[in-house]
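First, the structure itself, so that you have it in front of you.
Each chain carries a letter (A, B, C, D and E) given by its place in the written order, and its residues are counted from 1.
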């Protein structure tokens, strides 16, 4: 199975781990990631005004490219996942944006949201299946109590992203279980880490991440996983981090699949 | 249509949400992780807009403190989506006033070495036009 | 040519404010057939009707057009008025210039123009009206009540006491419904079972009442006065005649008293065995075997209950039985349930056993409940010291977020719960997060104020954002106090959700069978929101209880009584007037092709060979015959008929065509 | 043909039937006409060849009322119409003796005319059994055409060579189906609304309200047509200028929708050459698309699509704008 | 808006066939809730959407209607159990035929509207009027004759 792959800017740079372990794991799991040539940054956030199009065009181009290849589009970064899915939803359902974006892009045929956008985890859940995944695990993460930290962008708005139940998600927990680890459920897992305010209000994000660590360790987590480079950054800024390491979910995946070395 | 109603129409258009649907239940405010930072609370955005107190919103600290975490949008029982009203306020500042919360000159100073690109672009999008 | 009188109603200012009534009168006066036109302030008033009667007599009117409110409102009134003056009631047509004109248009000129057009269409139609005679149909003097909760019980008792036979169909093994699950009732704190159980017993012993428990309505045909209903009596696997209700089978079964199946009655807070009575006071006191969960039915082995039954009442061979019964009237009292809370993950209902619904709390506080009436947390069986109530969970929501309506009873039962808890366990702190406290009703606000003033229940305005279970087993409720402008993290050890109520999910299927209309929220629609609140628009179908809309017990009981009176009023008649607007076949045009019979929902069309004289040509032809007693006047046959032989009286092809012409003129 | 004549005579002689319905010679070699045959000498004019296109099933409506049985010659496609008439109780099965006659496609004289063949004196090669070319002896000399080129359009989309109801079959039929039945409809569907409107307007403007389509149609068997009656104030206005062609032809097609077997007689008899079958075939195509394939007359027990439904039928709004 | 301007504006003529049990009651509810829709809509009460003969629709167009809408109970909720199911098939085929003949398909519509859906009734009528208005005068079916 081949997928168009949209890595996004951060994965090329600060979050190379998220990317490289994903690629190695994909090979081990038997699917191929074809990076979209000349992709442009998704913008990191969905535009503030629902009536804007200029800031949506880079996503539209990537989506249309995947459509032309006849492939589903995979992303890993929670921000790209969020933006691509929402823009795709606009292209499918919002007449005005669809028309304006297509007028601007002048594709061979108009893009109308045909591409299916999938998060890497969704491919594992919906295409490969957790049962199949657990069969491929060579180094089960036995005895590890892992807290899934979802943050906000992967889950919300739940109706459009259609990723998992936004209030009570279980995809990452099932993932951890499939890898042989023990998922730790805690209520802060879908609460915001403070996000981009880290730039101007680092103290505030610190408060947030402390609460996240308190809650997750309170329930017994000995490490956290995330899919978001920004969450990773903010969590890493916390002092608690020394006791509780934070990993990209792909890193644990690669470890369990035994492909860390080649990555 | 009154002047006030026209302004509300503009906000409706930018935000794609309708402040008149708000029933003042406060679930947004209850959900907001940035509550402590906000001088005007999320649930008040709808009432400020309906009252026509756009100036106060625009001048507020709150408009820039929203984390865009969508908790209020997800949970709002009336589908008012207060987070979108906050975003719309920022847009009005950017579109009508050219005011930005983040100036390019500030950036080098704020830049940490391990800062992910995602943070920078997000912040730029959120704080500026 | 008809002699038509046109009467234009002002309806006070309801019509006259937007429609120039005088002008309408002037403009329709010269329409073909019109010999008299006048206006009046209130046409439906006695004086208005007197005017009509006088005009009929004075001008020898043969047809009437009343321009007024909707015919659904006063067509009957004006027909009766015509009849009084000796005019066939079906020579009356109503032009709806209120609901469909004055009330929705603002521009007076435009509304007046439209009113004239609507009047013209009605005049054109009356020109083609023919006097119709109502037929008669007999009334089966027996009523069916669907649902055996307090609404159904009360309706059945009232009908039975009036001397008519009535059957109750209840899908559960026992009657009693939701009320039997409650502990106490507001605003007087009576014990629910103390006031309900005697009624249940009365139902069981009443000579005029037949109970079909563990049964469902399968099929309904017929019409007002003459319904045929198929009732499926599900196999109980216990012989009614032999069972003494001793309960041995439940207590001494393979799992003893405990069982391993979540008890529906106790909302899953307790288990039950596969052979069970839902609760001790069940009526009838005859257990059922839940075949899906019974080891014997699943594996063919076990049979313990049959062995221990002292009266040999267990019968594994019992089959479902379908009985067909005739009824004159049907009451829908299917009640409610609370919504599924899967959509509201922020309240952690599915994750945390100590987050419960109000109805679960009822069971927890009930002496016969899973904890014997001791309020305890389901997680560690400790008594909660700090309890948070969350109001409006799924009520008052936007379309896809939940129910758009107020569930009406939650504010009051929450105050009740708070007071009862404080009464029994005074050292418990109680906080209620509310959006609005709604207490319209006799002694209702006083009741709520007592909770605050006497019991010191802490009411905080602000919906809860998130319920966060903590590592130490406590729960933090993240909310806002909107009046104080604070975000609150309230630590507690139990959370009670006031989940929205919704009509029993089975009601949709029943409504479809009854052709009773239902609204977007699956509540049954009443014939008129104010004036006919316990009747469905479908004749012979009546509404009782929550099936019609959210209401509390006193309201339910009064509505149940009202529905019963309507039923009794119907059953008291020996004959019903039938709608004369039935289909009619022109035998000279009929091809005998059977197309019409294929679409008739009532089987009212048969074919007969008849002798016809078609302009001198005498021959025997196979032609359609309409049984007017069965025909309900839908007209499906008329549009299926290619030759135009089939026509509908009162809505004939020519009448509708002429209306079209009048409107498009 | 002789075998057919002999058999019909035999059936009358042995009292099985009282009369037969078939074709007799017309004033031209290419226009035979339907006729009753009772006495042996009636059969002198009997003909059955490639030009005998008329569907005789409708004649059984009246013949059913006569004393004694009637033998009726039905081509494979005509038997569908007969079945449909049975379903509608318009003919009495017991009063008919159905001879399934062989068919290798019926001919359209207009096709010859289009080729410039005029002044026809006689035609050969139109026998049912033959398989050669059709030869016209004309006042301008001999002209030839391939049988298939001369065939009616409807025969190119033949429903099949099997009779769906019969008492006996005489002769061997051939499959002539070599075109897509709905191609013409599809072509129109693909036009712009303006083109479609112009097309139908120009076709229907040829209508001279002669009612030939109505009279020949086996599904149009009403004792009295709604357009002749007063039930809708829609009396035939042939003599005035207000005959509503669109209304008439839409309603006619609508009334036969789900009952029309697509026998194509309407178009065959139209003196103005209006392709009336395009209305019926549109309904047939829509019915197939919306509610599953249905062939009227195939199964006399089958419920007509318009007197049937499923709970999740297509919504009218989805029935239109499909080409957009 | 002054009266003069209004005269210039094209106002469509719309005939609405409403079944007595659901849609006509829905229209009444729209009325008692004061949910306005254009006066261009004129309602004809029929017992059931299954009563609507295609003849009526063509007749309306012939006599100058610019749009025809048929409203009935929601499928499954027909007062007579099945009338709207037959109507649904009839109208699907008729509308498709009209479209095939080049008639703008926005001029016809079927809407299911219950007695409780006053708001939907009003919204539907507003939308339909808007649509028909945008199509302009009904030239193609206004004259059912095909003679020029």
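One rule holds in what follows: a residue touches a chain if its C-beta (ideal position, glycine included) is under 8 Å from a C-beta of that chain, and two chains touch if they have at least 3 such contacts.
Nothing here was measured: the structure is a model prediction, and the numbers come from that model.
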item: Both-way neighbours, i.e. chains that touch chain C and touch chain B; value: A
item: Chain C and chain E, separation of their C-alpha mean positions in angstrom; value: 30
item: Distance between chain centroids, defined by C-alpha means - chain A, chain C (Å); value: 48
item: Rounded Å distance between chain C and chain D, as computed from the means of their C-alpha atoms; value: 54
item: Centroid distance [mean C-alpha coordinates] between chain B and chain A, Å; value: 25
item: Residue numbers of chain C (touch at least two other chains); value: 346, 400, 466, 599, 640, 653, 657, 661
item: Residues of chain B touching at least two other chains; value: 71, 75
item: Junction residues of chain D - those touching two or more other chains; value: 226, 232, 234, 306-308
item: Listing of all chain pairs that touch each other, if any do; value: A-B, A-C, B-C, C-D, C-E, D-E
item: Chain C-touching residues of chain A, taken from the complex the two chains share; value: 159, 165-168, 185-188, 191, 215, 218-220
item: Complex contacts: residues of chain C adjacent to chain A; value: 342, 344-346, 348, 350-351, 400, 466-472, 476
item: Footprint of chain E on chain C - complex, ascending; value: 70-73, 96, 98-101, 103-107, 109-111, 113-114, 117-118, 121, 511-512, 515, 517-520, 525, 537-538, 581, 599, 601, 632-636, 638-640, 648, 651, 653, 656-657, 659-661, 663-665
item: Footprint of chain B on chain C - complex, ascending; value: 346, 392, 396-402, 435, 461-466, 478-480, 482, 485, 487-488
item: Chain C partner contacts - residues on chain D that touch it in the complex; value: 65, 87-90, 221-226, 229-234, 255-256, 303-304, 306-308
